[in-house]
Amino acid sequence: MIFLRRQLPLLITLVTGLLFAAQYYVPHPASEQMLTSATKWLQIVGGFALILGVTSLFHQHAVKIRRQEAGWGYSLVLYVGMLGTIAVGLWTNGKESVEGTMTAFGWIYNYMMVPLQGTMFAILAFFIASAAYRSFRAKSREAAVLLVAAVIVMMGRVPLGEYLIPLSGDVSSWILNVLNSSVRRAILIGVSLGAVALSFKIIFGVERSYLGGGKE
Amino acid sequence: MTLSERMLKIDRRIIFLMIGLCTLLPLLYPVGLPIKISSEVRGVYDHIESMPEGSVFLLSIDFDPASKPELYPQAIALLRHAFKKNLRVITMTLWVSGTGMADQLVTQVAKETGKENGTDYTFLGWSPGGQAVIINMGQDLYSAYPSDYRGKSTKELPILEGVRSLKDVGYMVSLGAGRPGVEEWYVFGKDKYKFEMGGGCTGVMAPGLYPLLRSGQINGLIGGLRGAAEYENLIGQKGKAVAGMDAQSATHLAIIALVIMCNLFYFSLRQQRDG
Amino acid sequence: MDAIVLGAWVATGLTLLIFSFLYKDNPLFKLAEHLYVGVSVGYVIVKTYDTVIVHLVVKPIVENGEIALLIPVAIGMLMLTRYVPKAAWMSRYAFAFIVGMGAGLAIPRTVSSFILKQVEDTIRPLLSMAGSDGVTFSMNLLNPASHLNAIIILIGVSSVLFYFFFSIEHSGVGKAVARTGILFLMISFGAGFGYTVMARMSLLIGRLTDLIEFSDASYGRPTVWLSLLTVGALFLLARRGREQPPDIH
């Protein structure tokens, strides 16, 4: 049983990992066909993974409603919103528009989801301003350099800034293209090395957290 | 409590009000300052401009409503340019929450330019799996997308005649707000299937994509609302991005003023304490 | 009232409910927040069902007899066993397949795209032999591809990598290199902050543009009326909050 529950999953990871890493270097038609089929499978499995991710909310809010815990009314709103959207979506075959005409599902998307999600992120504008005022202080030399670079880029990337200080556009462009590029490049190389190392650890069974906890 | 202390502990809602007004007033009373074109944005524009009529242009609309104000105007401007050049336009999205928006913007620009779905352009819709979709499209486009958004078989679409995979794409632009986005399109797409590629992204992501731009892995980059405004200027059709630039200027100056004030009060307080 | 006008009222109302958070956390915001999560989850479920089940699985099987597609469906179903505690271990097969394949696909492509290509562009010739003048060295800072900038990029990449990756004590020359790396990092973080401000402000501009559009008479001025209503509701909530002091127990 331990083989089925623990070793077989690790074996599947090892085989698929090595197979698809090697596939990159083998452009034989059979190898290419395998890649085509497997990525198609991955697309379909990806859909199930998405469902698994979003439905974890179901249980949590259902319990809240059943026990009438504090704020259960909000959970009810969540359920009504979700079930209503699903009902309308299935009724319109999951299409937001048909031949350019908006469906009821499209209406929910355009007039509910878009403004809700958009505004949720738009309020961050206020908080970044407040945070800048409260904590963007030149307490050290390094902090002062960061602050000056931020101010130059903020000036150089808007028309009024370029109008007031014409040089700010060119300086911010140089900062982004040269100084920023070099740092981001170093980070990219470092992160990629880390990602490759992690991938090898996964393939060879050193990293196993993706299998989840639970009984052996 | 000294003035500096009081000012540093000011109610954050006063700052909120200031930012709100700095955004709202320029939107109501625009000035229209000139916008300089950067070489990053020109890279994308020049490439599309150089493409012969009938070339295949793939636009991946990889964002959701959270990034709509930045990337929607970029998508509109790019589509207007591509349709004006009579390119064969393939559109799609890797972000499920962006599907409705992508459909809406493609339909809107096609209608305004008199283009026909299936003949001049197609919207393939969304497909799950991110990197798997990109690789599968590189292997066999009809396998990744057996049907378009409307449910019509992709094999029967006139626009996809001769387009079997990403290898047949002339130019590709990913408008990404995160993952999957520009980086994934390079790693899992261009690296193997060798199509020419440009990128568009949110302001938050832009600095991180400069290494790809410098190494020539992408030949242009449209960054945030400013990038969209530059592209609108390049195609000569001003839209929401250009309209938002005055507000962008005002809010940037407001933040700079806040930072300067905060530092003045901070140093004055420090001086008082040290003294 | 047609669907677009009704939509304008609903969109404006929901936008203002979220904005009400700027005053303080309140029930109106919580209501909109939960509605947002519910609608988003519902939307994702519908799109996934339509795309995956209908278009990627059922149609190809029914129309073209692609029976092999039942294999990923089975793998997907295994994943859903996470909901059944006794059978949850079977989901490991699905995760093993996804993660193993993801890791395998990523290794060569990441090495090629982000390590080799980036290193290649960093180590560029510092002088050019092209042109009639023989050896040239371009000093133009505004041209990112100039030789001077190539040297700056080389210094930046090396010093930042040194700062992050070499665990030797940062003293002597090492200290100077690490400090150069910190300087480069600070400038890049500053640029990143500048761009983040730009992005966040753009999002606000987008929402306010919509609110301005919906203040038009053709929609019945929902922005004006609903703003008044939201402010009134916040006022009432604040007054009720003052009248009913929170339970200290």
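Order as written gives the chain letters A, B and C; numbering starts at 1 within each chain.
Throughout what follows, a residue touches a chain if its C-beta (ideal position, glycine included) is under 8 Å from a C-beta of that chain, and two chains touch if they have at least 3 such contacts.
It should be emphasised that the depicted structure is a prediction, and the values quoted were computed from it without experimental measurement.
Visitor: Once the contact rule is applied, which chains count as partners of both chain A and chain B?
Guide: Common neighbours, chain A/chain B: C.
Visitor: When I count C-beta pairs in contact, which pair ends up with more: A-C or B-C?
Guide: Output for the comparison: A-C.
Visitor: Farthest from chain C in C-alpha centre terms, which chain would that be?
Guide: B
Visitor: Express in whole angstrom the distance between the two chain centres, defined as the mean CA positions of chain A and chain B.
Guide: Inter-chain centre distance comes to 16 Å.
Visitor: When the centre of a chain is set as the mean of its C-alpha atoms, what distance in Å lies between chain A and chain C?
Guide: 5
Visitor: Calculate how many whole Å lie between the centre of chain B and the centre of chain C, each centre taken as the average of the chain's C-alpha atoms.
Guide: Those two chain centres are 12 Å apart.
Visitor: Two or more other chains touching the same residue: where does that happen in chain C?
Guide: 22, 40, 43-44, 47-48, 51-52, 56, 102, 105-106, 109-110, 114, 118, 121, 144, 153, 188, 191-192, 195-198, 200-201, 203-204, 206-207
Visitor: Give me the residue numbers in chain B that touch at least two other chains, ranges are fine.
Guide: Residues 16, 19-20, 23, 66-69, 96-97, 99, 127-128, 135, 192, 206-208, 211, 214, 226, 248, 251-252, 255 of chain B each touch two or more of the other chains.
Visitor: Where in chain A do residues touch two or more of the other chains?
Guide: 24, 40, 42-47, 49-50, 95, 109-110, 113-115, 117-118, 120-122, 125-126, 128, 132, 147, 150-151, 154, 157-158, 173, 176-177, 180-181, 184-185, 188
Visitor: Which residues, counting only chain B, touch chain C once they are in their complex?
Guide: Contacts found on chain B: 13, 16, 19-20, 23-24, 27-28, 66-70, 72, 96-97, 99, 125-128, 131, 135, 146-147, 151, 186-188, 191-192, 202-204, 206-208, 211, 214-217, 223-226, 240, 243-244, 247-248, 251-252, 255.
Visitor: Taking the complex as given, what residues does chain A use to touch chain B?
Guide: Interface residues on the chain A side: 24, 32, 35-36, 39-40, 42-47, 49-50, 95-98, 100, 106, 109-110, 113-115, 117-118, 120-122, 125-126, 128-130, 132-134, 136-138, 147, 150-151, 154-155, 157-163, 169, 173, 176-177, 180-181, 184-185, 188.
Visitor: Inside the complex, what are the residues of chain A that reach chain C?
Guide: Residue positions touching the partner: 5, 8-10, 12-25, 37-38, 40-52, 54-55, 57, 71, 74-75, 77-86, 89-90, 93-95, 102, 105, 107-126, 128, 132, 142-143, 145-154, 157-158, 170, 172-193, 195-196, 198-200, 202-203, 210-212, 214-215.
Visitor: In the complex of these two chains, what residues of chain C are touching chain B?
Guide: These residues of chain C touch chain B: 22-23, 40, 43-44, 47-48, 51-52, 55-56, 59-60, 102, 105-106, 109-110, 112-114, 117-118, 120-121, 144, 153, 188, 191-192, 195-209, 212.
Visitor: Where on chain C does chain A make contact in their complex?
Guide: The contact residues of chain C facing chain A are 3, 6-8, 10-12, 14-15, 18-19, 21-22, 30-54, 56-57, 68-69, 71-73, 75-77, 79-80, 82, 88-89, 91-111, 114-115, 118-119, 121-122, 141-142, 144, 149, 152-158, 160-161, 164-165, 182-198, 200-201, 203-204, 206-207, 210.
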